[in-house]
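We call the chains A, B, C, D and E, going by the order they appear; numbering starts again at 1 in every chain.
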Amino acid sequence: MNFPVLTICLLAPLIAALILIFLPRDEERLHKAVAAAGTFTSLAISLYVYFSYNRELGGLQFVERIPWINDLGVSYFMGVDGLSLPMLLLTNLIGFSAVFASWNVKKRTKEFFVLLMVLVAGVMGTFIAQDLFIFLLFYEVVVIPIYIMVIVWGSSKRVTKEYAGMKLTIYLLIGSAFLLASVIATFVKSVQITGVPDMSFHGLGQVPFPEQFQIYMFLLMLIGFGSLLSMWPLHSWSPDGYAGAPTAVSMIHAGVLKKIGGYGLIRLAVYVMPAGAAYWAPFIAVLGIAGCAYAAMSALAQKDLKYLVGYSSVSHMGYVLLGVAALNSVGINGAVANMFAHGVMAALFFSMIGFIYEKTHTRWIPDLGGLARQVPRLAVGFMMAAMASLGLPGLISFIPEFTIFVGSFERFGLLAVVAIAGIIITALYVLRAGANTLFGPPRQEYDDLKDIKGPEMVPLVVLGAVLVVGGLLPSLLFDVINSGVEPIMAHIADYLPTAVQIGGGY
Amino acid sequence: MIEFAMHHAWLVPLLPAVAFVIIVFLTRPWPRLSSAVSIAFMLASFVTAALAAYGVFTDPHFKHHPLIYTVRWFGMQGLNIDVGIYLDPSSAMMIFMVSLVALLVQIYSTGYMKGDPGYSVFFSYLSLFAASMLGMVLSSNLLQMFVFWELVGLCSYLLIGFYSFKISAREAAKKAFITTRVADFGLLLGILAVQIIFGTLNFDELTQMAPNFENYTTAGMMTLIAVLLFIGPVGKSGQFPLHVWLPDAMEGPTPVSALIHAATMVVAGVYLVGRNMFLFAEVESALYLVAVTGAFTAFFAATIAVTQREIKRILAYSTVSQLGYMMLALGVGSLTASFFHLWTHAFFKALMFLAAGSVLHALHHKADVWEMGGLIKKMPITGWTFVIGGLAIAGIPPFAGFWSKDEILLAAYQSGHYFLFLLASITAFLTAFYMWRMIFLAFFGEEKPENHPHESPANMTVPLVVLAVLAAVGGLIGTPSTPLWQQWIYYGHPHHIEPNVIIMLSSIALAAAGIGLAYLLYVRDKEKTNAKDLARRFQPVYKLLYNKYYIDEMYQWFTRVVVDGSARITYLFDIYVVDGIVNGSAAITKGLGSVMRYFQTGKVQTYALVFYMAVLVITVVLAFTDASSSVLVMGGAE
Amino acid sequence: MANALGTVSFWILSAVIIFSALMVVISRNIVHSILWLVVTFLGTAGIYLMLDALFLAAVQVLVYAGAVCIMVVFGVMLTRRGNIRHSNLFNSRLIIAAPLVGLILSAAAYLTAASTDNVPLSDGKVPADTVGSIGQWLLSSYVIPFETAAILLLVALIGAVFLAREVKTDDRH
Amino acid sequence: MPFDYSLITTELIVAALGLAVLVLGLIAPENRQKGLGPITVLGLAGALAAAVLMWNVQGELFGGMFVVDKFAYFFKVLFLSAAILVTMGCTQYVSNMGVHGEYYSMMIFAVLGMCVMASAADFITLYLGLELMTISFIILAAVNRTDGRSVEAGMKYLILAGLSSAALLYGLSLVYGMTGTIMIYDTAQLIVAENISPVLILGLAMLVAGLGFKVSVVPFHMWSPDIYQGAPTPVTAFLAVGSKAASFAVLLRLFAAGLNGMAGTWAMLVAVLAALTMVIGNLLAIPQTNIKRMLAYSSIAQAGYILVGLVSANEAGIKGVMFYSFLYVFATMGAFVVVAAVYNKVKSDEIEDYAGLAQRAPLLAAVLTISMLSMAGIPPLAGFVGKFYLFKTVIADYFWLALLGLIMSMISVYYYLRVCLVMYRDEPKENTPIEIPGNIAVVLMVAMLGTIILGIYPGPLSELTNTAAETFFLH
Amino acid sequence: MTGISVIHYVLLSAALFSVGLFGALVKRNAISVLICIELMLNAVNINLVAFNRYVTPETFVGQLFSIFVITVAAAEVGVGLAIIIAIFRNRLSVNLDDFNWLKW
């Protein structure tokens, strides 16, 4: 593949951002159109890539590789495999939807969409970079635009948006400091061992790191990626952050940005440090389970919709961790798929909450009620997201969750039961929120609300369609993911403990 | 044609699903069109189902070799899941029954729901429900079954909450969903365990493996799996102690109660246990649990039903009770009896609900039977069909319910669970009593002047009549003299239970006694003084029953105090401890900065002082710690 | 004999230097301080003489004892305010500074004394033509520092003039 | 002894330029004084061109007293670029101040001092270069005589620089006494780990203190916030970049080359000082309300990061220092030029007066943001790559230091973002846009693009610093 | 020279340096501090000259060094006094502790 498809995909939003910079300030519609065009291009390309990816062949495809920094062994190495592909698609689905979810932004639209485009491009970059260094370059690109978007366009509730934004930013950055330290150490060690600097994931994966070293490094990476993934107890930025952020940011952050944590955990930590992974897996599982249960319980106590979804996403990331910790094909498949599923679902959720907030100026559940009558389409979107959140079969998140359960149940047995029990609590809070927001007697003050229409429908249509299609045809997702997970599992197989099995063989 | 239907049985669930999509995306603005689409597709589905069922029931080959065809759904190393169709006599019977009832209910709904603003939506939900239910019935593996299982749950949720602006409907829907969700947790665990132990979820493979389960796991684990799997049905089929949602589910429109909460969805649990008989049959104790749960539920619900006042609630408890019967039958190992009762119950209970709906329709949703009376005169079709249903459920021959209930009692008796048999028999008496109590109160006796009932339109009465016919004759295929049912639907090998005349007669007697007592209390005694007297005399018992043993209150207490309380505690822990640590370290960092800046006094000689102090410290530390300097060497050996 | 003389003169000069330096610090009157400073500088020049650095001794006397001290006196005069007798007081740091400096001195003295044997002593003779040699060095090997020093002096000159100049009101446009 | 003048072309050009500007400043009429800025820029550009063209011409003068290697060239290019940027970016600030000739000539002489320092391979040259630079800066700091703060800054710098010079000299004299040479590369041979005079420990402490003062290492840093705040902004900028880089050049020569034999003694010390510097610099930056003071603390922290490169005292470390110093030029210049530009309009350096800058002057806000984030080491900006190179050298032996450095640099984002908060969130107090003259815009664009490009594509600079670092130990 | 070695000179230098430092730390008057710095530089010079005499008598490295130190010291005093005069105009004080506008 000579044509640099991925680079173009990456550049499209950046070019849109560049165009936006030179547009006049008050052409709001134009800003939105440009942003939509930019993200649409990326979406179209990533759809093309997704469906033309050769699943039988597997491995890295659409590869572009240019030497970049010789003494660090860095190359501009872009490519997609079964792991990155769903994430790429997810990014663009959500990026595209986020533009439309922000359709009603009135204040300083130009800056808003410039930052949004940078955000989308940054996230995209992490998923298609196959070189650790390039990955890191993109890893934090997004933090600052997010901060600015939160403080300018965000909203304050329990905490001020300034606090939320700062907490989010600093928390993630400090987490990433651990990651960076481990990356540098890994690199130095790899040069020591092989003598040849190579920063590509593949190259690092081939280095036989000493086991003790792997164990230390994995822990650091776990802290780094774990805080991004809002692993319990490193999650406390998450609910506050989402609550403070404007809709588009919440969508992208909960939808894809968080997933970088899980993605990195698999792509870097597990792949390069398999012995470390094997060592820490039970620990991760415990944290994952704790996260599931704890965040679900916290979500139950929430009255603010965004907090609710914020805690809910912490809870869902617990499942992802659990899947990763299972360290078997099924678990990791499920983890990746669940990241995709949760991304779509959370984005839809946040976009709907965003519309609700925009229209009613409140997210406080007791102040809402009966909206299903007044804004039925919004209610449909909300309920779809809610149902996906509680893992309703037929929507995208059930099969991934099931897969995670299979994978983790196999390894952790009864421990996993706690996590599975989380689905009950999830159902409880999600349904309560849905019921108290949408159902019940309609309130007079909301009688003249306008239902979402036109461009506002895009998030619902796009993400809703993915929710349903992914739920009905999970193989669309799993075949791709599996083609990426299999090589990783084959690579790390030697380091893994034999599975704790229930009963005899299976 | 028949061949086509059998090999395209996936059309049976697909057709209503298509109807759902069409209504949602195209015809929603046109209510009549929507209902037409829905009914047309349902009819097509019914025809296909009927043909397929006909195909199955004409070829004995299928008794032991179900027709299975699957396609890959998704998979990876270690987990491969197919979707497919599993057509055997049981599922053939089910799709026939479900599609028929669904069709009738849809027709009925054109009348009942007329003018409702959510008319199209209602039909779309009904279609979706039919699709899910049929899909569940035809599932070829446990996961697929679970998927549809949950989807019917969703439809149930949506339909219970159809009048979502009513707080009661909203709460009932939520309750239904969450209660069944709790149960599904167990089911899911069971499925996971099956997957992990046997490596497959396909029924056909599992059927082969289950008898040799020792190769895979221990008996204890098998029991555990069976119990876990049973938890799902406990929730879905309203068994004690997860029955609480079912009576509340009556907040939905009455056709929904008829279709979902009487005839089809609630029997899904029974069907699931039946479908997995190969697992349950291997572990005696699990089966016994099923039996006990069933019998107790049957009795327990019946006692509650005795005191209830709202027509649909009485029917709901009766449903719970009848579901208990079915479970009991399964538990004593008679799939035949269980499914037979499932089949007959579907007709008479659907009939009664629809008739009740007709009544409510006429009385503008006045539900208390005590405020009705003499309706049979104004609403003859509704009334008499209801009576047929009442006879059927009470177990009066030759109505359908008699045969199936008799089969159950017989099975219970013959399996040696005499106590359960006794319980079931008492329940039969209670059933007859409370059912006829309702009928007498509502349809006979004096008319209430404030009511202005009128007979419902034809599109509502025709389904009633059809169902009444089925309720009357539906059991005739399983009488001791014509044991067609017993020859087709069974687990393992056909049961040839010798009819036991004593049991038959005693059950008739109990039914008659129940009806008679109801007659005495509520028809003969015009002022109902005796009934009221009884209620007063046994005030504590009456209150206990009337308040459904306070189980709802217990659950409410549990959720409010235990669940919400611990949620609250978790949240407080989160914002004060977890977040407190975060904010605390931030505050410490900031505080350090703010404090230390005051060392920066702005006085130049202070800076110089610090400077040389540092020089001193460095010198001293280096001189006295550094091994490479010769200072230490001098002080040491040299 | 020469040794004894050298030893005696070293101790005397040292005593003078340290005493006068202490007086520089202790004097409450800045003018006295400056006078004591001159003494210190002269003492240092004596040390230089002992160390065969004749040219340097001359420079010391001319530059330090002469030019610098005069300059400082001018500085004092230009900034005189209030009572000259109390123009050179201690500040409150005394209590910390005194032990600090004492410790530094002890550390330095200890380390210095400990290194007696480490000094790479040389037996070479000092060339007779001190001044000539220094001139040679300065303009050959040390030309870059020399030129740099020249520029430095220029900078200092310009800077001093610039800074000490009265700010005219029309300086700012 | 052959004397190859071509080796000191750069210094000669700078010296000549300094004298020329001085003279022109004295004779030019008041209204023409503004022309000195462009002349300075052109002259420095000439010197820069010379340095770049002479990249491959290497050699030593006077038996190694004055070393002209790629390491030196690299730093000269750095000083000159910084000087050009700061001169170009702050012409308006300077003319508002009303001092031209003296200012520009002092600036140029400071550059000269730095150039001498970069090449100095003996104590005397080193000391004189250092003092030339220092005295120029003392005058520059006080150059705005009408502003009490400026003079106070000069005063403080004078006293403290004098005290630190004394320490440095004392240290140098001890090294000289214990080795008998003042040539840095000769001391390397004479001081070996097995035989270290005790008094060298004192000397070492004094040297660390003296040079640590210049690069503002905690606890020798206390001057810098006051002086950075008080001095005129361009001076602060140049002080932060030039003085610091030159002192690092000297520090490297003196420690990594000259005292390499004592590395066992000072490596841990430097590591601890680096850690202290990072922590204190960042923590004290947090409560600041004046942007210059905040940047001063931040630049203290930066010195801590750069010092990490010294700990390993090998080529990789030197390369890290060079790389970081270079990108630090762009970041610091970007930030301070913005500060100067804002001061021209707003007449304040308080952070709260930056309210709404993003709306009044998006470019200024963007450049300030990017510069600060680069200092914090946020990818994909240059600072990240620089930190990568620096911490890479110590991670194997001083893992805690690397981790601490990374954590502290993330904490630093906190106070940088507070500036962003004010700039982006708040509404401007007055809504007039701030026009940005062409020259400032050019500087800003250079700084911004430099920061971004070095971050995204650091390959070429990395190669360059590699070759330059290779020359370091060749003498 | 049995009695007096280079170490004596170095010790003398250390003492003088300390006295100078002490003065620089504790005097209020800026000019006095300046003087004390000169004392410290003088101490260094003693060191340099002594080492020159004992370590490298043939070359004049140490002496040259001290000549440059004297030069620089003179320049420093010049600039220093100028600044003191400038700040005196501004604040009417030469007490260093008064110059604390820039702090924290």
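Assume a contact is a pair of C-beta atoms (placed from the backbone, for glycine too) under 8 Å apart; a residue touches a chain by one contact, two chains touch by 3 or more.
The shown structure was predicted, so the numbers you read here are calculated from the model rather than taken from an experiment.
Colleague: Which chains are shared contacts of chain A and chain C?
Modeller: Joint contacts, listed by label: B, D.
Colleague: Going by the stated contact rule, which chains contact chain D and chain E alike?
Modeller: B, C
Colleague: Among the chains here, which has the CA centroid at the largest distance from chain A's centroid?
Modeller: C
Colleague: Sort the other chains by how far their Cα centres are from that of chain B and give me the top one.
Modeller: Chain centre farthest from chain B's centre: C.
Colleague: Write out the two chains that share the greatest number of C-beta pairs in contact.
Modeller: Chains C-E share more contact pairs than any other pair.
Colleague: Which chain is most central here if centres come from C-alpha coordinates alone?
Modeller: The chain sitting closest to the overall C-alpha centre is A.
Colleague: Determine the centre-to-centre distance between chain A and chain B, using the mean Cα coordinates as centres, and give it in whole Å.
Modeller: Chain centroid spacing, chain A to chain B, equals 35 Å.
Colleague: Centre to centre, by mean C-alpha position, how many angstrom separate chain C and chain D?
Modeller: Between these chains, centre-to-centre, one finds 30 Å.
Colleague: List the centre-to-centre spacing of chain C and chain E in whole Å, with centres computed as mean CA coordinates.
Modeller: Distance between chain centres: 5 Å.
Colleague: How far is the middle of chain B from the middle of chain C, if each middle is the mean of its Cα atoms, in Å?
Modeller: 100
Colleague: When you check chain C against every other chain, which residues touch at least two of them?
Modeller: 91, 93, 97, 100-101, 104, 107-108, 111-112, 114-115, 118-120, 122, 142, 145, 149, 152, 155-156, 159, 162-163, 167, in rising order.
Colleague: Where in chain B do residues touch at least two different other chains?
Modeller: Where chain B meets two or more other chains at a single residue, that happens at 597, 600, 602, 604-606, 608-609, 612-613, 615, 619, 623, 630-631, 634.
Colleague: Which residues belonging to chain A are in contact with no fewer than two other chains?
Modeller: 170
Colleague: With touch defined as at the top, which chains are paired up in contact here?
Modeller: Between chains, contact exists in these pairs: A-B, A-D, B-C, B-D, B-E, C-D, C-E, D-E.
Colleague: Considering the complex alone, what residue numbers of chain B touch chain E?
Modeller: 597-598, 600-605, 608-609, 612
Colleague: So in the complex, which bits of chain D are touching chain B?
Modeller: Where chain D meets chain B, its residues are 155-156, 159-160, 163-164, 167, 193, 195-198, 200-202, 204-206, 208-209, 213, 219-220, 222-223, 225-226, 262, 264-266, 269, 280, 283-288, 411.
Colleague: Write out the stretch or stretches of chain C touching chain B in their complex.
Modeller: Residues in contact with chain B: 91, 93, 96-97, 100-101, 103-104, 107-108, 111, 114, 118.
Colleague: What does chain A use to touch chain D in their complex?
Modeller: 67-72, 108, 111, 133, 136-141, 143-144, 147-148, 151-152, 162, 166, 169-170, 173-174, 176-178, 180-181, 184-185, 187-189, 192
Colleague: Name, in rising order, each residue of chain B that touches chain A in their complex.
Modeller: Answer in residue numbers: 72-79, 143, 146-151, 154, 161, 164-167, 169-171, 173-174, 177-178, 181-182, 185, 188-189, 192-193, 195-199, 215-218, 221, 559, 563-564, 566-568, 570-571, 574, 578-579, 582, 586.
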